[in-house]
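Two complexes are shown next, each including subunit A; its partner changes from subunit B in the first to subunit C in the second.
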Partner chain A sequence: MKRIFSMLLLFVMLFMLTGCYDARDVNDAAYILLIGIDRGISDKFRVTFKFPAFEAGGAQGGSGGESPGGGLSYKTLTIDAPSFNAALELANTSIPRTLNFMHAQFIVISEDIAKAGLVGEFLAPIVRNSSIRYSTRLLIAKESAAEFVELLEPFGGSDITRMCENLIKQAQETGLFADLTLYDLHDCMTSTYHQPIAVLAAVNKGENFIEKGPKWDTKYNIPGDYYAGDVPRKKGSKVELLGLAVFNGDRMVGKLTGHESRLLAMAKGNFKKGTYTIPDPKRPELNVDLEVREARRPDVKVWFEGEKPFVKLKLYLEGDIHSIQSGIHYETPEMLPIIERAFERFIKRELDKTIEKTQQLNCDVFHFGHTAVKKFATIQEWEAYDWNSRYKDAKIYTEVDFKIRRTGTMIYSSKIKYAEEDK
Partner chain B sequence: MVEQGKFGNKEAIAVLVIACMAKEFFTDPNIIVRKVGTAGWYMVLISAAVAAGGFTVVYFLLKRFPGKNIMEIYDAVFGRYIGFVFSFLLAVVLLFSAAMNLREYVEIIKIYVFLKTPPVYLIGSLIVTAVILSFIGLENIARYSKLAGYVMLAGFIILLLLASSFFRFYRIYPLLGYGLKNTLVQGFLRSSIYGEITLVAIFAKSLHRIEDVRKVGYTSLIIAAALLFIMQLGLTLIFTYPFGKELTAPLYAVASLIHYGAFFQRVESLFLFIWNISTLIAIPLLFYMVLLIYSHLFKIDDLRPIIIPFPVILLTLSLIPSNIVELVQFYIRYLREFGWVVFYVLPAIALAMAALSKKKGA
Partner chain C sequence: MPNILKAVIDLFTYKPPQKFKAEEYSQDQSQSSENAEGNDSQENTSEEIDWQKILRQADDQQTRENNQVSGSAANTSKQAKDGAASTGRPAVVIRRRNRQKKGAGQGSQGAGIDERDIALIKNGMVAPNIAVNIEYVKQKFSVPKNQDIVIREFNVAKRIKAFLVFVDGMMDKTVINQFVLPQLMDTANFKDFSQEDILDYIIRNVISIYQVSRIKEYSKIIPQILNGVTALFIDGCNEALLIESRGFEKRSIEAPRTENVIRGPQEGFTENLRTNLSLLRKIIKSEKLITEILPVGNKNRINCALVYLDDTADPELVKEVKRRIRNIKYDFVESSGMLEQLLEDNPFMLFPQVISTERPDRAASFIMEGQVVIVCEGSPFVIAVPVTFFHLLHSSEDTMLRWQYGMFIRLTRFLGVLIASLVPGLWMALVQFHSEMIPTPLLLSILKMREAVPFPVVVEVLLMEVAFELIREGGIRVPGLIGQTLGIIGALILGQAAVAAGLVSPILIIIVAITGIGNFVIPNYSLAMAIRIIRFFFIFMGAVLGFYGISVGLTILLALTCSMKSFGVPFLAPFTPKTRRSSDLIVRKPLYKQPVTGNYLDTVSRRSGLYHKRGE
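So, the complex of A and B:
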C-alpha cells in the first residue's frame, strides 16, 4: 500500500514540477529593452517598444544573433493606444511573440506628457505591472520619446543593454545628471518630504555645433550648463542625457541644466566627482581646471521661526588642480587659497541661483525636507505643515568649503620663456 | 494514541520562528505602515512585549500542570465541555489562520511570480505538502525547520544587506508615526503576530522538560521580534510611508530593487526561496496543530484518518475571500487584531480559574 501511495505521489509530483502554466520559452518572448511614451494622435498615448530583432536578434541565440555590423540588431514598434496595457495588447496582435519587460532598461517619457501632468496617469499601470522592475531607469525626452527610442543605438560595439548601463554610469563620473529609476520617481511623486526629479534626455541633432564663424575669444562658459540635446557637438552617439526635469507632483514644471544638476548632487551628498573649469583669479581671461569631489557629506540645518522655515547648507568639497593655463605658480601655501576662495565663491554664487530657481518653482528637489521633518513628532503635524508648499518661503543660507589636495603631476609652474620679439 | 515524537529546543525554536515570520513576508508590512506610518519598526517590539506577557501566562499554566498540553489543561480546569469549547476555539483560529495564510501566499505569488497558474493549482500544491508533512509527523517538520532555518536566516540577512544601499534615515521621521497612543494601541492589538509562539503549549509533550517550554518560548519570541524589527526597520528606511502603504508585498519589492550593475540583479529568487520554504513549513505546522487538537477533542488515537478530510476544509476556507482586498482588509486584519484573545486571553482565564479553584497537575 505504502509503495503504491509513494508511486502515486511521485507521479503527481512529476506534473507539478513542469511549471507548465507559467513556463516562458525564450523563443516565445520579445524582450523589450526601451519603452517610449508620447502623446498620441489616433489615441491618447503613443507607445514605442524597442526589442532585439527576431530574425537576427539575441533572443534566437546562436551565430544568427549578430548583425553584419558586429552588434545585435533591433526593431521598434509604435502604437497609439489609450493606455500602456492597451498598447501592450495591441502590440501582441502584430508581433508573434509575447512582449516581456523583464529586461527593460529605459522608460522614456516625452516632455510634452510630463508637462501635461500625465506622468502619474501613465505610470499607474506600469508600477502595478510585476514584470516591470522598479530598477528600470526613467527619462524625460526633450521632444519625441519615439525618436529617442528609435535613435538610441549601441555605440562603440556594445549592445543596447550595456549601452544603457554604461550611459547611466556617467552620472557618477560627471554629476551632470543623476541615476534615477522608476522607484525614485514613484517614491518622490507621493512623498511629503520633497519633489521628484527625472533625467533629461534628447536626440542631439548637432544644431548647436557651428562649423564656421568668428573664433571664440576670452568669454567664459560654465561647463555643462546645457540641457540635453543642446551640447555643441558633432557625431558621436545620437542621443545624450544631461540635466534634470523638475516635477511638482506628477507635472513637470522646470528643468535644471547639467551644471545645476551637479550643484544639486553636491547639496544632496550624491556628488562623486566632476571637472570644473573656472576663470583664473589672477588672469580671468584664462582658466583653471579642477577635479572636484565631495570631502564629506553636506551639513544641513533647518529651523523654524513661527511658520517660516530657515535652512543652512554647508558644502565640503575637495579637489585637485588639473591645469593652470596662465602658468602662474599657484602651488605655494600662500597662493593655493586664492584658487580655493575663487572656487568657493563660484560654487556659492551658482548654488544660490539654482536654489532660487527651485524656490520659484516651489519644488524642494534639494531634499531640505529630509532635515525639516525631524522637527515634527507625528505624521499629522508634518502633513498639516505641508513642507512641499512652504519650500518657496524658506530663507536659505549657503556656505562652501573647498580644499585643494593635490596639484596633479606638477608641483611647480615654470614660466614659459619667449624670445624677445615674441613677448 | 497520537505520538508526536520528541525533538530538541533548537528544532522547536526554528519551527516557531519560521511560523511567526512566514506570514510577515506578505501583506503585513503594508498593513503596519497603513496603521502606524513610520513607527512600524518599534511597534513590532511593543507587540513582542505584549506577546511576552501572553506567553508568560501560557508558561505558568503549563508549569502548573506538568506533562500536560494546553487542551488537557483546559479539560482539567474547566471540565470536559467548557474545555472542549476553549480547545475548539483555538483549533478554529489556527485552521482559519492556515487557510488565510495559504490564500495570501497564493494571491501574492500569483501577482508576482506565477501569473497564469490557476489559484486552485497553487493551493492544491501546498495542501498536498501539508498532507505529506502531516503523515511524516511533527518531529520531522521540526527537524526540517532547523535545517532550513539557518539557510533562510542567511538569505534574509543577505537580502537586507544588499538592499541597505537604499536605506535613507530621514524616512523614519516623524518618529511617532500617527501618534504614540495609536502605536501603543496597534502594538497591543497586533501582538498576535507572535501568536504562533504559544503553539509550544500544544506540542509541549514533544519537548523534554517544562523548562524547555520556557526556553523555547522566550528564545523564539526574542528571535522573531529581532527579525521582525530588522525587517520592518529596513522597509521603513527603503520606502517612505506614502509609498509603503501602496505596496502589496513590500519585501518582494525590496528584492526586485536590488541592482548592482548589469551582472548582479534580479535576486528575487533568493527571496522566493525564503518565501516558499517558510510557507511550506508554517502552513503544514498550523494544519498539524489543528489535527492534534481535533484528535484530542474527539479522542481519536490515530491522526491518519483525519489527515485526508481536513485538507478539504482548509481548501474550502481558503477560497472564501472573494478577492485580495477582502482577504487583507477583513479576514487577515481581524485575525491579526483579535487573534490575541485566543492565544493569550483564553490561557489567562484558565490560569486565573486554576488559581481560584486551586487546581494543579500531578
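So, the complex of A and C:
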C-alpha cells in the first residue's frame, strides 16, 4: 500500500511539476522568420514581421500532396510601437496565433537606428527573450528595414529560410561579408577588446546599372569594392548582403566595402577563399586572376613604447592561378615570384588603406585588442588603458606573404598568335 | 531433522524413470499398507526412510536380475526379501486361472473374488483377476458410454483370457492387427511355454514390438493408454503390458511460419513431441543431450520435454525449471504459450521472460549455449530459458551469415526497436514542445500539411496508431489470402483517405508506417507485442511531458527492465549486472573469436563471477 502510494505520488509530482502547460501545437503558433526594425513615425520603433502564410497544403489529395513545401507564401506585418515587446502584443491583436521567434532567421536593423545609437536600447529586450536564439543573424539595412524584409523573397526556390541560410553561407565562399549573429553584435558592444561589426544589407534597385554609356576601358575595379545596394546589376534577387557596418559601441560610425571586408577577414584569420584580379606585372593592361586562400592564421604582434601601441600584422596567403591573359609563361619557378610579389604589394597597399580607415573611425574591428591585452597583467590595468580609445594612435606595420601553389590545368602559357597584318 | 530435510530434497530431485521401474512395486506396496486412502500429501513426511531402503533393494534386485535369466526367480527372491512389507503374493500366478474361470461369469467384482484382488484394485493396482481388471477399466473410462475406448477381449494361445485396451485413433492399427493380436492368438508361439511368468515369456518370445513395458499401477497405465499406448491385461498377471503403438495423425514437417530466414535450414517444429525431439537430436548428436519428459496440466496431462546439454547447462537451472514445471497447478495446459505463462518469473512484466522459437536450429543453439529448452506436446513452438533482452533480438540468421552481414542486420534490428518504440512519442514531443528543434523548412512544410487537420497532434497520432493496430490484427485474423490484401490495401486506402479527408497529416502516415516497419523487424513476436504497447506509453509521455517525459519514461522502463529476471538471470545480464561479456550481443565478431556459451548463463564450463558455483 505504502509502495503504491509512493509510486502514485511520484507520478503525480512528475506530472504536476512540469511539462503539460508548455504544450503548444505547432499550428497554434505563427513562426516569425524575419524581424525588421526601423525608426517609427507614429511611435518610437517600427517593427516588421515576416511569417509564412497559414495556407493549407498537401491535404487536398491527388496532386495536393505532391510538394508540401512548394508554393509557400509569406505575409508581412508592420507595427509602430514603443518597444519590441509592445509590438509583439499589438501584433497579436490582429494575428490569431502566438508569435514564435524560435525560427527567426534575420533581425534587420535600419541604418537610421544604428547611426542614432538606438541599437543597444532596442536589442536589450530581444536578447532577454528566451525564444529568440542568440545565434540569429543580424543585418544592418541600408535604408528601410521594413522594405528589406518585405522584398527579401526566395530566389530560385520557394523557401525563404533556405534562401536566408544559403545567402549567409556565401560569406564563406567569397569573404565579401561575414556570418555575424545577434551575439556578435550584442557581445561586442560591451567589449573592451574590439568594436562590433555587422553585415550590411540593402535592397538593390539597380540604380548603379547604367544601360547606355561609353564602354569600359582596359581598367577595372577591385572585385567587391562596393557597399551593399551599389552593385551594378539588374534583376536577380532584390536584396543583397555586401560589406560590413562598423560600430563604435552601439552606434554605427562607418562602413566597409566588400573588398575591405575580405581584408578584414584575412587579418582576423577568417578568410576562406576569394578571387582577385590584379594587373599583369609585365603587361599592366592585362589581368592575372588568382584564387586566394589563407595559408595559415596571421601573425599579430603588439608591443608598447610608452603609451603608444605598435602592431605588426603578417598575413600568410596562398593561391592558384586562374588565368593569365597575357600568355607570358609565368609558370616557371623563376617567374612565379613576379606575380607573387605583385600580389603581395597589392594586398599590403589595400590592407594599409583599410586599417587607416578604421583608425580614422577609431574602431578596432581587426581584433588587435585580443593580442594587446596579453601585455597587461590585470584586467583593471587593461580597462584603465582603454584600448578602444587608443586604437587610432597605434602604429601598424603590415606584411604579406603569398605563395602560388597550383596553376590550374595549365603548366605552360603561350601567347595568342595573330595573323601577319597584326604583327 | 537433517534427515527429514535430506529426504524432502531427495523427493524433489528427479530421478530418471528407468531406475524406478524395478522398485515401483515394492514402493507402492509399502505405501498401500501404510495409507490405504492413497493420500499423496502425506508422502514426504512418512516415507523418508523407505526411500533409502527401496533404492537399496532396487539395486540388489537389479544385480540379481542380471545374474539370473529367469524372471520368476528374480521375483521370488524379491518377494522373499520384501518379507513383511509385502502381502506375500506368489510369484507364479498362472495357477490361479482355474479359479478365475469360475469368477468370470459373474460380471462384477463381488463374491468369489479373492480378497487380495480387491485390496489391490482398491489401491489402484492391477489385480491378477482379469474380470476385476476389465470391470475396473470399464468404470474408469466410462465404457460403454465412452465410445472411443476399445476393449478387445481374446484368449492368449486359446487358453488364457486377456484383453487389450486402447484409444481408437490414437494408435496405429497395423501394430495391433499384425504384430500383437495374431501372435498372441497363435498357439504355435506358446509351444515352449511352461509354468513361468507369462508376461516375461510374451515380451521375450511373442510380441515383435520395439518397445513394451510392464506396469502395475493404474495411475501410470491410464495416462499411457490416453497417450495412445495399448495395454495388454492377461489373466493371472498382476501387471499390464504396455505396448508402444502410438500412431496418430500429425502434420508433416514444414517450413517455419513465423521465423523466416533467407539462409539457414527451413525445417520447423510440428505439434508432435517425438518429431520435435528428433529434430533436436538430429542437430545435436551428443550423448550429453538429455531429454526428460514431465507431464503438465492437472487434468489434461500433456507431456513436455526438458532438453538440455548435461555438461553445459547449469544444474541449478535444470533443477529450478523442473521444480517450476512440477509445481504447476493448473488444470488445462494447452501449449507452450500457456506453459510459458505458468513458468515465468514475473507475470506482470511487459517483456517476455522466455524465448519461444519455431526453429530447431535456433533451439539447438540455445541448448548449446547452456539454456534449457522445453518442448511441449501440441505446440510447434518450443521455449528456452533463461533469456536476456539480447537473445530476444537475435535471429538465427545473424550467425549463419558472415559476421559483417550478421552485424549489419543485427544493428538494423536494434535501430528497429528504437524506432518502433520511440518515434511516435518523439514526434509528439517534438511537435508539442520542441518545435525549435525542427529544421525551419521542415517545420514550414509540417505547418502547411497540418493546417487542414482539425485535431490536436495527440488525437491525430492515436487515431492513426489505433487504425494501424486494427489493420494489423485484422490482417492476422482474416482467413488466408484476404489477410495480406487487407493489410496492404487497408493501410494504403486508409492512409490516403485519411489524408485526403483532412483527418491526419501526410507526415504522420510516414511516422506510423516507419513505426510499423520498425516493429516488424523485431524477430521475437512477444517482444514485438511488448514494444507495440510500450509505444503507446511513450506517446502518452511525449504528449504530456515532451522530451522530459520521454526520458522519464525511458528511465522508468529501464529501471523495471533492470530488475527483471528470467530464471535467475537478470534480463539485461551481460550489461547490468556486468559480467565477462560475450562478444555476441550487439556487435558480432568473426566466428572463430566468439565463444558459444554466454557467461551470464553461469554454465558449467564457465564462471560469470555473479554467483558462487557449487563445489567451489
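What we mean here is this: the second predicted complex is superposed on the first by the 389 of 423 C-alpha atoms of A that agree within 3 Å, B and C clash if a C-alpha of one lies under 4 Å from a C-alpha of the other, contacts with A are read in each partner's own complex, and residues count from 1 in each chain.
Here, a residue touches a chain if its C-beta (ideal position, glycine included) is under 8 Å from a C-beta of that chain, and two chains touch if they have at least 3 such contacts.
Every value quoted in this text rests on a predicted model; they were computed, and no experiment measured them.
By the document's definition of touching, neither partner reaches A:282: not subunit B, not subunit C. When the two complexes are overlaid on their common chain A, residue A:162 makes contact with subunit B and with subunit C alike. Using the contact criterion defined above for the overlaid structures, shared-chain residue A:191 touches subunit B, although it does not reach subunit C.
In the superposition on chain A, contact of A:403 is made with neither subunit B nor subunit C. In the superposition on chain A, contact of A:374 is made with subunit B only, not with subunit C. By the touch criterion defined above, A:44 lies against neither subunit B nor subunit C after alignment on the C-alpha atoms of chain A. Once the two complexes are overlaid on chain A, the subunit A residues touched by subunit B in the first and by subunit C in the second are 22, 102, 133, 161-162. Taken together, the subunit C residues at the contact with subunit A in this complex read 431-433, 435-436, 438, 440-441, 443-453, 456-457, 496, 499-500, 502, 505-506, 543-546, 548-549, 552. On the subunit A side of its complex with subunit B, the touching residues are 9, 12, 16, 21-22, 102, 130, 133-135, 161-162, 165, 181, 183, 186-187, 190-193, 367, 370-371, 373-374, 376-382. Note for the complex: subunit B touches subunit A at residues 37-38, 111-118, 121, 125, 128, 132, 168, 170, 173-179, 239-243, 246, 253, 256-259, 261-262, 265-266. Within the complex, the subunit A residues that touch subunit C are 14-15, 18-20, 22-27, 29, 31, 33, 52, 54-62, 65, 68-69, 72, 100, 102-103, 105, 131, 133, 159, 161-162.
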